[in-house]
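Shared between the two complexes below is chain A, which pairs with chain B and chain C, respectively.
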Partner chain A sequence: MTIRGFEAAAERRLRWALEPRIPGPPAGAIPASAGAIAILALIAIAVAISLRTTPLDGTLTLRHYHDLLTRPQALQVLFNTIGFSTVTVIVALAIGIPIAWLVAWTDLPFKPAVYVGMTVGLLMPGFFTAMGWLVLLHPRAGIINVWLGQAFALKPGLFDIISIPGMGFVQGLGLASVVFVMLAIPLRAIDPVLEEAAHTAGAGPWHTLFRITLPLVTPALAAAAILVLVISLAVFDVPAIIGLAGRIFTFSPFVYYEVYPFTGPPDYGFAAAFSAGMLALAILLSLLYTRVLRQARRYEVIGPRSTFRQPRPLGVWRLPAAALVAAYFALALLLPFLTLVWTALLPFLQPPSAIAFSHLSLDNFSSLPWALIQETAINTAVLMISVPTLALLLSISFSWVVLRSQLPGRLAYDYVAFLPQAVPSIVFALSALFFFLFVLPPGLGLYGTVVPIIVVMALVYVSFGTRVTNGAMIQIHRELEDAAAVSGGGRLVLMLRIVLPLMRPALAYSWLWMALLAFRELTVTNMLASRSTGTTVAVVTYSLFAAGNWGEAASLALIMVAVLLPLVAIYLKLAGLGGAISGAVSAVPGR
Partner chain B sequence: MRKVRVRRNAVAVLAWIATILLVACGGASSSSGSAAANLNDATKKLVDAARAEGALDMNGVFNGGANEAQALIDGFNQRYGLRSSIKYTPYASGPDEVAKLIAERQAGQPPHTDMFLGPTDFIRQLSDAGTVVPLQMPDPTALDSKWLTQSGGVAIPFYTIFPGIAYNTNLVKGTEVPSTYADVLKLNVPLAGTPYAAGYLTLAAPAVWGPEKAIAYATAYARKMAGLGGCGNEAQVASGQYAILAPDCAENFVQILKNKGAPIGYVIPMDAPIIYWFWGTVLRGSAHPNTAQLFINYLATPEAQKIFYKYDLTDLDLLPGSHTGQERKALEAKGYKFYVSDFDFLAANNPQALPAYAKIIQIMTTKRG
Partner chain C sequence: MSEDAAGTAVLAVQGLRKSFRTGQHGVAAVDDVSFETWPGELYTLLGPSGCGKTTTLRCIAGLERPDAGRIRIGAKMVTDAGARTFLAPYRRSIGMVFQSYAIWPHMTVFDNVAFPLRVTGVRHAEVRRRVTDVLEVVGLAGLEERLAPQLSGGQQQRTALARALVGRPRLLLLDEPLSNLDARLREAMRNELRSLQRQLGVTAVYVTHDQVEALSLSTRIAVMDRGRIVQEGTPTEVYERPATRYVAGFVGASNFIEGELVTRKNGRARVRTRLGELVVTNHATQPTGASVSIAIRPEQVVLRPHDGTRPSAVENVVVGVVSEAQYLGEAIEYVIEVNGFRVKCRRPAAPAVATGESVHIELPPGACSLVGAR
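Our next item is the complex of A and B:
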């Protein structure tokens, strides 16, 4: 190298080192920019459809919004959705808070098992639990109702799962895991010295609880409540499985049935107008969620933690507390599982009896559409690999732009990346369906394949992918990158040799987490699936159920769980219990 | 150490996914027959074209599911000396499927399946939307070609269903068992309806009840309704979730459950006995149009009819020696006068029935009180 060459290289390195932030390579910002455009475009498509007389070539109109306000069914759906979400939040908090408290502060036995159970609960498909509870608590034929009726000569329908409270109960059981993971860590982090000080100052346990403990966990509690609310406003599985039987429609199933109506052509405009309304509500809630999280700083306690919390002995309450937690797992996981096993073995649903046992067989397994399942298993595997990969690539790019670049408006990227957390995924699915069906040339052959599903799900998962990548990237000190740059490493080398290896553990378990979510996803896949080349195993399960083949649907759901559990075990092994739970905090299930 | 663990686990994950892929790639069995029948030139031409395609995509709601579809393609292959494979996809409901196909046509996309099998009005909707192609029947069967002509040359019928009243025999007994739709309203039991108001398009036809009576009936029925369950959900009646499903689409689904020991019965009501035929039609732009044409032709052959009866307990009443034909004759001898919802019936009645039908769907799917 010549002297001039050395001088030029030294100048480049100096310029690099002196920059206040390491500028992101322009190429590094391309995926994030493409992702941000795609997210905003999908939202814009929904709004645009809602404002046109016909989706493609219509004129501007507010007719769909007028219909929305004047159609009684739409108002009913809104009330149903709000009622369902309210019950869900109450149930999730009522279960999640005590279990988080027991795990964080007491000597509750089998704590690792609780973490494992909660992680499994987060990943269990909603339709699995919903089908199980429908069989258990159907007002007339539910196994529990029939037993209670026979044992105590009660009127049928003591418990009615086909109701807003019933649906909220089932959804709340599932989302209690979300409350748990969001509270367990903040609760564990509270310095016990504060309570000891309150005790020394003469405060009683209740006074301490209300004046010290609760205020400290209020932000996390509020954030958990809002997040559960946002999820339940948009959820599809549980209301679709349970609600349709009782003519109880909530937002996502209602939008689905407007796009695939019981008669006549699809009403994209009305579905989009309803979506736009819910979009506004969801974004409002998410802004509130962000604000609550920001306000959490007001509750931070200055200084390092002085002492470690000794688990509070539960004494004689230790076993009852463990029984309470076990009861939750029985309700949320075990009972639905056993019920599905029972349903899968029967030709038609019936309560356990000698006659029923004589009917048990594996016919439902043998009559499954195996050729289709083989094909959709491939699609599902493709989704499980490509969705987390694409979502993480986009997330890394988003984080790079936000944390490492000098791109103007980089903070807007962070907000756009968070949007899918707020926007109900069925809205993205509706827009994507419209785009791939009507806008893209048919010659591309993308409609009806897994491509639209991959794109939408990857964009949806960017919201929590960026929480992971932001957290991981922020921990990498810039000096490491500076050192690499001064040593002559290019930007690509810097990314491949320094940044990504340091982020690898976080990337690995968030990749697997997203793969697991992709495995069980139903909202986006059901909306976008048409031909078998773009269908997943979850959609086949739902179709079998909707067509009345409950036995076959239960069989396939059990097969899905059999595939899911080893993957969950690998995830837990990979992330460790602590990692799993903190991963779950930033990556609660998509809707 | 951590690095090694991460790598080992990553390998385990990939191995697991690869296992799923391997299992999935196991391959569907394809069968072929050996003996081709004596075929005319037009059929031979279609057979040759089908041979070049080699596959068929079929969406449906057969009771026998994939096994039935496989039995049909096996018989098809045997008849025509083909080795075509079949991909059977169950769909959640007919209306959902029709809506998808029409949207795909409007968008200029190829249809997601090769053919549609369903009742007359669904075929009419698809035909009106320009979604189907003219059909040939080169391989003669006992089916009169006038039915193809009546459909506008786009569909042929292949099996018969009798809509009626499905009831749980533990919950509705003795004199309570309804013999008419009107009787159902006298009972104080949990009723089920279908979200797409199955049967009501025919009931609302001026030739049957007319729009006003059908709407009044639906309104009264909906007041007593405990919930919704589509056709094919007769197991919900058997399990006691509902005491009655009316109108239910098909007697044969109930009979299949009954044969399994389910406490379920079925009545073809005297006040509106209806016959629906399921028709096969080929979708415009489908991937395997020749195989689909030949396959639909095959559905009217005695071999296919036997398969339908084996799995679905139904066949086409128009064909000589059919089980449903005998059943129809027996019922007519008892005084039943069937309304056959064919294309001529729809043409004569739909202008008045369709608006009422849309209103009835609203009534059935909206919960009041």
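Our next item is the complex of A and C:
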């Protein structure tokens, strides 16, 4: 080869290396495309069912939508859902805002403990808290109501948890941790110099609060409120556990009981029409959410950060404030936990007394359906490993397409990946159930296994996973990849040796986070698990409780918590407190 | 500004002290700082990061409470730690430009600038007139409706300046206002800031770590080191007559030649050094026999080819060899070795002297300053 030829070859090689990665249709886009199609298909199936007289071979009709608007039961559920969500949002904000403020801006003691508590709160299954509170405040059997009745000769049912305010209260306790997580970081990120500038410009404390501080906090507050609203519109655990006892249904439990009715055949069309309506509402809210969140982010980063916010001294209020925060954790975590311990140890429910203490035993644990639990424990473990793995693989592929490829329409992938954040999980579950039951040939034998659950949950978690992988991939400087390419690394080498190792910390903690969510998941699993096989421990717990076996349900729930807490500890160690919280920001628990 | 009659300081800082707790220990950030600024002055606090200049400024603004000392703005005592007087920042009639500009991101340029007027209840029409005027002055006319995130660094800087000036404050405080701009913009803004301040006649206290900014902008400079003012004077005084080795090293580059003070009379000091006995015409305060350093700027070292002719000057002339020459465009920086000692010398690029050449260097006695030994 002549010198000239050599130079030309070297130049060609360099030019190839410096060209944007992935010029053609890349192999990396295949999983993302499959995932995107699956997500869109699951939404389309629900809409399709809602427009047919009978799900499989019916003709087009708007009958189900007509029913939706005319059946009193449907309107009742709609009102219930709105009322429940309103109470939830109010309670969650009323608790979450002050605690976030105390942690971000004051010298509240034990801040790390608050972060730990909030992370545990995010991961604690909603059905756990709901069971605890139902046992405490059931109008007739509830421990507190019975005790009040005995002690003061009151008529039973002083506090009725089986009501819209009651359910909203319990759900709000749980979602307060979401509000906290959504606010703690933006509050810390607001540069105090903006307030100092107002002071030097002649504005007193009130002026500064109303003209500067509050407007700056508002987008983050609004984002937190909308997120809590979206979650509570779609949530299953709490309203299902508590509402079932009084047949008070919100959206998700209602859909579930339309598909698995107490009597008669399932009404897919009606459930799907209701789902389609909620779908539209949820997508609308999510668009609003993205807008508001973008605004909030914009307020966070403006100019270089200059001043460190001096924590505002609480003075004599320091300990009372800490006590209030502790009271929240007592209501949201400790009290339900102790109640379940008490319930688990008793043959039948009664308030604490000398007689009650003499009845304490471990009978509920030994009478648990251990053979079933063994089988479901295996299913649960399979879910915990495969769901996060699949979800992360999909997420990496999505991020790769959106951030690194030249694919036309790549931004649409990001919107599709975010859809499961908006769409209630029960809608995905409904469509998937229909698909695996009726569309796929029964010879495949997938229905009744954990496969449908894995697929749907992985798709749902892509909305969370892509937030993490997007964030991690954005932080990898393009030149790190270019350097690898110039050194002669192919696309696969690039991915395996450079990109993935750099993303590893984020991948590790989000994997574990999703494993924990999968462990406690009830909405999708409950819907897709057949009655006999393919269920999880969470579903068994729910079924025991729904069947009235409170003692056994409580003991199984405690066993679940005993498994959960060490994993949460590992997660906190892995992610660190700050990472734990920022990792949790986009996680959507309890759906 | 009739209140600030000539002869009265606009700002008087007296015995200011402030320490911060870090763990068990209090670290003195400001340690007995006193100074006064006069009407129309631009007074600069100059020093490296951590020297206490920003803390001093924040005490003046009322954003920090000093542990001790008094601050008077105009006739008003705004801080008196002894008498527990402390006026909140918003009652001090000041304007302040922050290092990060602190433009409120949820407001337009107009609203940002109008804020100081609106909070004091200025009428609507008057607000519009004055904001329009001040935006014209800082060159932001036409950008009134932009939101802060849509502004460039220079535009944010101008907005911050307009906001600080619009209320016609008694005192303008500037905390490293140019440090976040790129080099070219910084120079342009520096000139603009200077003419604006002179034109408006506003008294300003300026904090910076950049000696070029300090020298070119200020009427007077206070050089700070570890919480104290080590020298105060006009830019010329500080540059040409550095009082300490620290000032000589921080404000511009200096050669330091160690030696021993031999005699001192009639304002002429003789110092025995490795380069021989050198004369310094500088008001030395050190006793004879003391170890001292002679500080001299590289550009004040005179360089002549050693061509056999006798140099014109008689004092402070030594012979050396050019060991390095670094071309800087408008100048060449030489290193001359004299008896194993390296003297830096900066000369115009032409005529050039080659390395290895033997040269005379002259250290003019008037350009030498006597400072403490290392």
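As a convention for this text, the second predicted complex is superposed on the first by the 535 of 591 C-alpha atoms of A that agree within 3 Å, B and C clash if a C-alpha of one lies under 4 Å from a C-alpha of the other, contacts with A are read in each partner's own complex, and residues count from 1 in each chain.
The working rule: a residue touches a chain if its C-beta (ideal position, glycine included) is under 8 Å from a C-beta of that chain, and two chains touch if they have at least 3 such contacts.
Computed from a predicted model, the values in this text were never measured in an experiment.
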First (chain B), second (chain C), both or neither touched by A:215: second
Greater chain A contact set [chain C / chain B]: B
First, second, both or neither for A:197, with chain B first and chain C second: second
First (chain B), second (chain C), both or neither touched by A:467: neither
Touching partner for A:52 - first (chain B), second (chain C), both, neither: neither
Touching partner for A:265 - first (chain B), second (chain C), both, neither: first
Touching partner for A:410 - first (chain B), second (chain C), both, neither: neither
Chain B versus chain C as contact partner of A:520, first or second or both or neither: neither
Touching partner for A:491 - first (chain B), second (chain C), both, neither: neither
Common interface residues of chain A - those touching chain B in one complex and chain C in the other: none
Touching residues (chain side chain B, partner chain A) in the complex: 2-3, 5-6, 9-10, 12-13, 16-17, 20-21, 23-28, 57, 61, 64-67, 86-93, 95-96, 99-100, 102-104, 106-110, 112-113, 190, 195-197, 225-236, 238-242, 257, 260-262, 357-358, 361-362, 364-367
Chain A residues touching chain B - in the complex, by the definition given at the top: 72-73, 76, 138-141, 146, 162, 244-249, 259-266, 347-350, 355, 359, 367-375, 377-378, 380-381, 384-385, 437-438, 442, 447-448, 504-505, 508, 512, 515, 530-532, 535, 540, 542-544, 546-552, 563, 566-567, 570, 573-574
Chain A - residues contacting chain C, complex: 191, 193-194, 196-204, 207, 211-212, 215-216, 298-299, 302-306
Parts of chain C lying in touch with chain A, wherever the complex brings them together: 61-63, 88-96, 98-106, 115-116, 119-120, 148-149, 153, 156, 163-164, 167, 173, 180
